[in-house]
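A short write-up of the structure that comes next.
Chains here go by letter, A, B, C and D, matching the order in which they are written, and residues are numbered from 1 within each.
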């Protein structure tokens, strides 16, 4: 401890604290413009200068550590004079017109000028070149006339988001903030995450969408959880009345620490779309007509009753929604199990991370990310395989990039040289579908070079001999032939993994969406166990979940084999427990149908009634033609949704639902964190919360469910009925959410699973796995491999992002990415329309020629319906989880003659 | 090895090179062969002698005869007369010196008499491109002594005891700096030589690098041994091509002799260094900016502390020393700290090199003991002010410094006395100004410089310097008001107090210093709309003095804008129309009767 | 890699060669090199001095030229001026005489009286 | 709009030379500025394609590359004229009348500092002290030094250049 005197007050402070920190801790105000505590300091604004006795000049309090006995004055005449002069200098150039400025009321410059009693600038600098407005970006307006060059935006772009677009250009009084090599922001590599806008203390960077919407003092802030992707970012919604006028990241909040991506920050306004469903719809003679809730619900109940009575409960199926709150999924599986007595409940984890849940339960005993997103910034090794994080999980990617900048090694394994590969120490461009072979190859080197963690393998894992035997069948030479990665690189990567510990493995759908998806997952688990990278901080196997609540929908039991909290439906004890809790009898005790079987079942008439909650399966399931055929064959389809979609067309009844922000509940992100989603407005028209809809249908099945809000459902049912969630209550997660397992009210939750090698299942299970090729490989007729995924600016089939202003402009159509080599060979120009066809369909799409794509690969997404990649994808699935092999099928490409 | 009876040293410094010294060497080669003297007389290209105004300069040994402003066509005569017949070519001797035997010799001329060449000891004596010549004058002996006879702490003590202070401007005790770095426990440390000599009008460091590059290399190796560093960078301005070339030759030669590299002089000590070129940013002379630049980034200064000796290049302990500082090290090592401390004043030991320029006869490079007075520099060494004009002020320290007015001409020059006068030692630029120099204009000139060279990182410097320049501009245009002076002073003080680095902290010095000594000149600009020095164009009014006008009409004939009317025929005195006059000064220059005043 | 000893050897050798630039106390050999002197063989005399001095490795001696002394009949004339300024003038010098002057006078400090003006007259 | 998907880059004849430069410096710390020096020597300035190439090969964000280039006055973003006239504005030259010489140059060439004449012949620059204070005031034309100038010398110097140019043409 040291003693310092600030403004005649004697204060105790910790050593190594800056003067600014000590002052702030003690309620002494020192203004700053450029300071970003704990992130990065430029020390450039000089507004925070203070007078220190004995010092030759004024001292910047943000940069200077206090020393024992220091005597400081934060508001002496010389300090105030310097501040006044600096503020006058800042005001004297550019245009600081508070009347017109978005930032008025929360502008640091305005605030400090006010405090110093500066009414108008004392002088005008005439010799400065006039700054201009850069209006080229879709989401961000750069008004350089208001820029004070504090460089917080540069820090945000380079050190927080690590997008490296903004920098400082030129020198002296000509200094400006530049994008790339001084081109307009809209022309630059800017991905429009808006982190710079959030960091800007003045009105130089503003969100275009927010301009003119509200003055800062008219808004209230509501903290909530983002509606996109599995990172689960914490947002501050700036509300004027019931309108969201702006979104910012909640500073210091977990998991995102204030960071957001373009969708999270700007994709909010779909909820105000005029296309929202506002009334229940009933299809009559092929045309929808509006109906009352009673009429619609009665019809749904009676139809399902009829089917169940006639064909049994197995003839109905339900697909829950991974974008809606946990409470909705819980209610839906409860409806199916308790009211319909049907086991057929599933959701879209089937098409993405079901192999993760199955694989990790087999290997470790728990099917979730073992560690946490924040650890990515602190680890020594980042092993990213099959994950295009910068586009699919942009905020998680920022932590990976932070980690790399903090000294970790980054290894990227992917068929595509995606953006993250640019940051990598090693980029292994593997052939599509060769993951198991590649991972076996790495373990082969670790074992043959004696680089593996013997102690961990011996003490904490089983089946070592079988794994070893299998892995030894995969020497680098063989693996190189299968994966296309050179032997040298395989050896190099293996050694790098062994040398840099602890290390985290990250993967996404590049691992799971294969016929060998579950094996891929277990193979990643094998690698991390062999390295001893499990049960420690900054380590683990870390799947990044796709949809915002796909973890939650799994957790809530919207799966055919488990109740919520992964309690097996085949376990009689679980059955008894839920029968008692729900006050019902005859809960189904077998595993139900998975989505592909439900859909196909419509055609074979095994399934007659399908309840689709919030999913646009026509766009998202493989082989669209097949899906349509099946839906057309259905007897009765009901959809809950917020918009009409390609899927609702096939429904008999469409029920209008409350959207994100129109209902209170919880999302669970991929690191198992249960966070609150708050309500800021009512649903439009007659739209109602989904849990309410399910409750009303249950009522028509004679069940009176008591819970009457998200909170009541969670606190009274979900938490008490599952040990994983027992300690989580709405009250406890008002701030940062809690990571399950959290089995008692005192527990802070679990950041790291399987701590110290104590696996949930006892010992970690090393699976001996063989490589198997994709189901459909290129041949002479279809010589290309098609791999699919998503792009930054859209989310799935654009039901949300397509209705958020600006995102369509950022990505206005679908592309097929092809390699430079193939384009040259086929004479295809960049942006030329081409035909891509497979055994299942044909689409016409714009070619995007890219050196990020290897020869022989075509890469597409599913955002736009007409040229959706799923017209082409096949129905081959993972043998265990029936997850489709979206990542590989054979296609041909043709020039349009 | 061949012994020559005579050595002709031709200055290969920048000034003389620019003034054709290379062609002179070629002419000598040719003439010596023609006279069959090639085996008797040796031509040596050497470093700067200092008297740049009089270049190209050659010196002929063993007599030490110095010839000035030598032209290619003079070479034949020098060979014929001096080298062949032993007769002086008196027209090429310095004008003031008489051709008395001995008096024309280099060390006896008035220019050199009061000088004491320590840092410049080898400049103009050896061929900088031959390591053997450096070794001949005890080169690398100090390194040998350090490595074989001394412990690092003993070296540091020697440097501390010598009282050597940083010659780059700050004046921080060199030994103390080394001690900080030596005490840091770190595997990797660095030595940097700051050769980014950026002050306009200063070229001391360049002359050392051009004339005696090995002294810097040797000193860096000694410093490396003393603090425990094994790698060094020399950061040189790209504008110094000759210096860069000679440094590179010197480094290569030192490596070839094993005086750089692994196991130097078989002592196991390892030291290597490389040159890094600046790219035209004055601020990179600031030590933290220099390091940032070596790291490959924008040369923006960092906050201190941490000081470079603790966290410098790539966060490793780093010592930065200026070229001249380093050039002193080997001599101190050989002759001892007491010898060095015997020169100079109580707090400023040794000598200091100055680049003397501006309105002075002997423009050039001088090295004087600390404590020499400004008067001695200007009149005894510098030969006084040209054209009989009056000395007005001397500016030291470049854009960071200030002016010493004529009233303080007897001040002994050392670190403290200059600070007291509101000037500073700086790196050693000394610009002499006479009565025709406007002090407001000079302040504006320096502010324009700092506006251009401010890195733009911190607000006070980025905007404040420009604001001050604007105000000065206003004043020089006669548009100032009296309250501007207080505002200017106030702003200057705040910028000094709140800027991030030394550039900003010292940028207001030219203003504060001129305001201190020449406030009346500022006031004259504002109140009387007059520039007393007759230099600020906007304030000039050209008028014909009727009584003196001879009605020759030359002024009207030469006026580019036809602003002058009168009649030659009718002998009517001419008149200048002030509205048309563009103040081009042509009439003033052309008038044969000095009848035009401004 | 050089050792300290090698460095010293370089120093000594090179200093002998270029030491004249150092202006320490030197014995000066001044050869009259006016037209008359050259005609009488002063060049040869001067060259002889240089090569003899080099041959015998004598340090601290400078050889320089001077103009006409005015006693052309005695040319070639050579002054040897020692460190204290004491001057000995040799006249009618030849390369052969030079060898002796270098050996006796410059190396051993013994004036070759037989070649001096006094003796000549 | 660049969405990072396509990383195709235009190639020019000097690409491999740039690669060679970078390869030579790749293992040294802080190599960006030495690399830029050499690349500028190659092109005479630093064209956008070269900036992109350096950024990509050295794995430095292009914004940082540009930030560095634009910071240092030695680096040029635009091609320069055939004759680079650089007038020294060091203190010694200034005190000795560099200002009027500069005015005369501006007038004769009808361009400002940092500008190039429309015919691409002349670029006018100012520099901070060539260290030739003994010859003050000085200017250089493509490195050739003209010292002890008066403003009357300006026309002659420009004519010299024009004559040289004609000789080359002939």
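The rule is short, and it goes like this: a contact is a pair of C-beta atoms (placed from the backbone, for glycine too) under 8 Å apart; a residue touches a chain by one contact, two chains touch by 3 or more.
Every value quoted in this text rests on a predicted model; they were computed, and no experiment measured them.
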Quiz item: So which has more C-beta pairs touching, A-B or A-D?
Solution: A-B
Practice problem: Kindly work out which chain lies most centrally, taking the average of its C-alpha atoms as its position. | Solution: D
Practice problem: Report, in whole Å, the distance between the mean C-alpha point of chain A and the mean C-alpha point of chain D. | Solution: 48
Quiz item: Measuring from the mean C-alpha position of chain A to the mean C-alpha position of chain B, what distance in angstrom results?
Solution: 61
Self-check item: Whole-Å separation of chain centres (CA-atom averages), chain B against chain D
Solution: 24
Quiz prompt | Rounded Å distance between chain A and chain C, as computed from the means of their C-alpha atoms | solution = 93
Exercise. Note the residues in chain D that touch 2 or more other chains, in rising order.
Key: 64, 67, 71, 73
Self-check item: Per-residue overlap in chain B, given as positions that touch at least 2 other chains
Solution: 281, 298, 453, 455
Self-check item: Where chain A touches two or more other chains at once, by residue number
Solution: 168, 170-171
Practice problem: Could you tell me which shape the graph of touching chains takes: line, ring, star, complete or other? | Solution: other
Quiz item: In their complex, what parts of chain A are in touch with chain D?
Solution: 158, 164-171, 178-182, 186-189, 191, 417, 419, 422, 792-793, 810-811, 815, 817, 820, 830, 848-852
Quiz item: Which of the residues in chain B come into contact with chain A in the complex?
Solution: 281, 298, 303, 305, 451-460, 462-467, 469-470, 473, 490-491, 493-500, 505
Quiz item: Which positions of chain B touch chain D when the two form their complex?
Solution: 14-15, 18-19, 51-55, 197-203, 206, 238-240, 274, 276-282, 293-300, 314, 355, 357-359, 363-364, 395, 398, 429, 431, 433, 437, 442, 445-446, 449, 453, 455, 585
Quiz prompt | Interface residues, chain D side, partner chain A - complex | solution = 1-8, 48, 51-52, 59, 61-67, 70-71, 73
Self-check item: Of chain A, residues touching chain B in the complex
Solution: 41-47, 49, 57-58, 60, 63-65, 78, 81-82, 85-86, 89-90, 92-93, 123, 125-128, 148-149, 168, 170-175
